[in-house]
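The first chain written gets the first letter, and so on, giving A, B, C and D; residue counts start at 1 in each chain.
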Amino acid sequence: MIIILKPTTAAAMQAKLIAQFGTTHEVFTHANRIAIQGLTPAELPADVRAASTDLLTDVPAAVQSSRLLHPEDTIIRTPHSVIGGNHFVMMAGPCSVESAGHVERMAEVAKQGGATVVRGGAFKPRTSPYSFQGLGEEGLRDLRAAADQNGLDMITEVMDDEHVAMVAQYTDIFQIGARNMQNFSLLKAVGRTRIPVALKRGMSATIDDVLNAAEYIAAGGNHQIMLLERGIRTFDNKYTRNTFDLGAVPVLQELTHYPVIVDPSHAVGTWELVTPMAMAGVAAGASGMIVEIHDDPTHAFSDGPQALKPKTYLKMAKQAFQLHDLVQSWA
Amino acid sequence: MIIILKPTTAAAMQAKLIAQFGTTHEVFTHANRIAIQGLTPAELPADVRAASTDLLTDVPAAVQSSRLLHPEDTIIRTPHSVIGGNHFVMMAGPCSVESAGHVERMAEVAKQGGATVVRGGAFKPRTSPYSFQGLGEEGLRDLRAAADQNGLDMITEVMDDEHVAMVAQYTDIFQIGARNMQNFSLLKAVGRTRIPVALKRGMSATIDDVLNAAEYIAAGGNHQIMLLERGIRTFDNKYTRNTFDLGAVPVLQELTHYPVIVDPSHAVGTWELVTPMAMAGVAAGASGMIVEIHDDPTHAFSDGPQALKPKTYLKMAKQAFQLHDLVQSWA
Amino acid sequence: MIIILKPTTAAAMQAKLIAQFGTTHEVFTHANRIAIQGLTPAELPADVRAASTDLLTDVPAAVQSSRLLHPEDTIIRTPHSVIGGNHFVMMAGPCSVESAGHVERMAEVAKQGGATVVRGGAFKPRTSPYSFQGLGEEGLRDLRAAADQNGLDMITEVMDDEHVAMVAQYTDIFQIGARNMQNFSLLKAVGRTRIPVALKRGMSATIDDVLNAAEYIAAGGNHQIMLLERGIRTFDNKYTRNTFDLGAVPVLQELTHYPVIVDPSHAVGTWELVTPMAMAGVAAGASGMIVEIHDDPTHAFSDGPQALKPKTYLKMAKQAFQLHDLVQSWA
Amino acid sequence: MIIILKPTTAAAMQAKLIAQFGTTHEVFTHANRIAIQGLTPAELPADVRAASTDLLTDVPAAVQSSRLLHPEDTIIRTPHSVIGGNHFVMMAGPCSVESAGHVERMAEVAKQGGATVVRGGAFKPRTSPYSFQGLGEEGLRDLRAAADQNGLDMITEVMDDEHVAMVAQYTDIFQIGARNMQNFSLLKAVGRTRIPVALKRGMSATIDDVLNAAEYIAAGGNHQIMLLERGIRTFDNKYTRNTFDLGAVPVLQELTHYPVIVDPSHAVGTWELVTPMAMAGVAAGASGMIVEIHDDPTHAFSDGPQALKPKTYLKMAKQAFQLHDLVQSWA
């Protein structure tokens, strides 16, 4: 149950309720609201009821992620970016960090297109154990340098709880990959940090699964969470790697206050389709996008076929900002 | 195999090849091209080979639908609409024709939003036999009148081959529903007419399935085909009725010359999501949209929850045309 | 709502209720039960309530298909077969009728393996319009002759409502194909006959969709319905054509009184997997199976890769009957 | 490429090839076979070619898991169990370890039904962070004691690489959960042990995904792997939690030498369906099953609805062994 309290006495009532139910129930507060999981209206003290303006009883398990507790948008601020609400963030970079020089050049291109975040994988979750697994810590150093040299934030994937502390030394934003969306140990580990987390939707994760996974991070006290729609697995993958579920953008925005970002590159898996799908994502209302770029896709260490060449990226990015402006003009 | 012939001798070579292979193979011509299904380059007469500029051997079964045979966009012209290419068509109306008066009012609203086609179901494919099955021929008459009174084309579903001749007396465009996408008898029947056909993608139809279904219509000589993406069935339908597969828009546009139209109403099933998904569809490059409207959704005979009220529709439609203009400015 | 009436006065109460609600509601009776769709307990006359032993209010739309109205198994009797309950029916034959001689030989093999029904397609729903579409009425004649010569029933697909009367002259059992599961015109047409109907589950049909499709047949007065599980479309079809959903067997058996038959051939699409999946289907409790056989699969007119050769079929069939006996011994 | 060598000189040729290609390619040997990933026949020294009986060039990435390199069944021997080939292993126990006494009683029941392995979760991957997360190491101690007291092996889930060493002190078999199937850090960690691993198929994992995940374990040198089919996520989960993909059993058995075990409890999620699906799994040819039991399902700490009560389990287990005997009699 969520109790909406009268503003004047909200703080006092919250303190009282925490004292009374805090050891037996999950209790969360936000502004003049308080959620007490599992409590029924009948169990509510009379004075609290009198001090409340509304009781919400149909509350999801992922209560901290819900707009019922936290109605206004979460806005995440990193050194160079503002993520959420009616802001639009562009994140771009190579799939894998391949070398210091290469990622530096790609960061420059990213910046040129209006990106404020450069992406790159140093630890790569590859389907086969014999595929390139990433440069490891060296890749993190290279990406950090490339970001700094261009005045950008960096985002990179962390694959297991043991590496969280190490990756934390370099990155501005953790990325949790689709395959790890329900790696609960990892979610708890990044939840114990205060570094923003970009959580990718799993290949067959329902909307509720995504929100519950986000809740694992929030449960640790880290509320700087953004959600990445990157395509789901369906019955047809002949022409696209996944099915880009753009309906998830407004659905998530209605249910949760966390920013929703789209990843058209992984959603479609082939560069020719990235621009139209990126545009569709912006038009659907996303707060940003993350896109893969490469100057020589044929020789990319991973996911070359879905990388945009610099010229295509620059054109796409320009369109994306134009389109976001148009969408904002309708609000 | 598709043979691209030198323009000067194309007609003669086509005639020769039809004479030689027309009774034993499926043969189709378009401009200076000819497709001979199942033929191998080795079987090709030397003079034909000499008169050709290219031989395409990786040809899909649905050859008439393929851009390999027919590279340029198919443009469909109905009395009030131009469908395909860089044109944008708006189709709007109630899910079901409910009465002459109601559909007339809805046609007016549709027109006001820039629609040139009014939609409405007179024969309804309902999951349960005990649900409202449509007004039948009376509904067709009402929709025809509503269209005529407003200077609009009409589109309506035909559910079986027995009704094709009757529906043909009223409609400008046949709609084939998702559940009937592989009702091959029905596809053959509309293929024998020369009335444009809007073919809805089946709930679990692959891209190739859609093209093969279109080919059934083309095989009868009717080439005025448009394809409707209306959402596919996936593992999560808690918040959306289907998953809107917008990747299908550019994929189909690359493979086939038929116009691709989006149906955000059926894709999401809930009106709050229709506008963002409609925008996403336009941004993805669709040649038009078909959308359900109703002035009193709670009392709609069918699919009320996904109908836009007039005011919302008018705002959405205005945005859609603005967005299409922006997309066109990038071409 | 379903009302379970005291046996002694059931007939009188049913008559009374039909008189009172028969023109305004959908009303169905079975034994001492009566279903009145949309009625609430409060609207029930006091004497009916007094004459009832139970009121069931959570009733599905497909009420005639439900065990709530019709608790006991439907048993279908054709000249040579008993289908449903703890009986086990074997149906076998080629995918397509290819010639009188061939289908006659295949019917002999089918019979040898214990089949009482021979299958064969004369009208073929093929993905491509240019594939073999079946022998038509000639095929029906050939299959009828093959069945008669071997003392077997015949089952064959009917693809559209226009052909129902013609196919009815030949067949003992209509088959409705997966692609036509929601071709409601066709379902209504076979529902007007009194010939048993084998309804194949659509590729992405939910359990409720299957039951509602069956209800279309029942709504016409034809209650001789059997349901065929033939695999559903999922995200992986590299090694199997479809995903055989054997959970549907006990689920359907719990919800409906109609016999459930498995079709391992279409479910997997490759003959090596047919025997283990056929065994799994029997162990899951199916009332029978339909299986494709061919003496020369490489040259089969359709679906050769999934056909069992006679020797393999005979071994599989023997195992199936042994397994069914074992399953029955546990009941 | 896999080279099948003449037995007499196989060892010498393998040594030679390892010396030549071992630093530049992934090289694996088994009996008289050697796999060199990425090598083409043309690069093969002439004497090796002369000493070979066959060259297999269509080799999957997951080569150590493939029957092409390792044709015979892997048989895993734990203190009380033989897993693989034509043996049949029963694993049973509660979803969660709830207390020392409870798991001990459940282990007794498991044993009574013919189980040689007792299951129980001490670390639970729960969708919500606020659900019961398991007893942790105390649960491991309790399960170990219950196993020892009844002369059983124990299987339990390990959720992250940090816990591998600790769980290894207790368990006979690691279980990797469906949500962690592509947690590559965890797979590598259990791959460094020599404890058998039961790898559960992910909810939307393709057959190839499963084999590649197994390869991560094998790449670490741990070849004692068994694969668990536990249902996949599809479009219909109204009546079953997942769709039990029994076709995966013979498909995996054809492709890999690792034992395939079925988990009907998680596949269906409701106890009434467990017995028919367990039977279907045995009939499909599985080498064993893992099943959840509980004496008081309504009060189970997790997954109560799918637990079999002792009496039902004992009946099901008896049937399973009878059925396995019948299946073996056909081999």
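In the analysis below, a contact is a pair of C-beta atoms (placed from the backbone, for glycine too) under 8 Å apart; a residue touches a chain by one contact, two chains touch by 3 or more.
Note that this is a predicted model, so its numbers are computed, not measured.
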Partner chains that chain A and chain D have in common: B, C
Candidate from B-D, C-D or B-C with the same interface as A-D, over half of contact pairs in common: B-C
Cα-centroid distance, chain A relative to chain B, in whole angstrom: 36
Separation of chain B from chain C, taking each centre as the mean of its C-alpha atoms, in whole Å: 33
Approximate Å spacing (C-alpha centroids) for the pair chain A, chain C: 48
Set of chain D residues in contact with two or more other chains: 204, 208, 233-235
Contact footprint of chain B on chain A as seen in their complex: 204, 206-208, 232, 234-236, 238-240, 243-247, 249-251, 254-255, 267-268, 272-273, 276-277, 279-285, 315, 319, 322-323, 326-327, 330
Residues on chain A engaged by chain D in the complex (per definition of touch): 26, 37, 61-62, 125-131, 159-163, 179-180, 182-186, 188, 203-204, 208-209, 212, 215-216, 219, 233
Residue ranges of chain C touching chain A (in the complex, touch as defined): 204, 233-235, 237
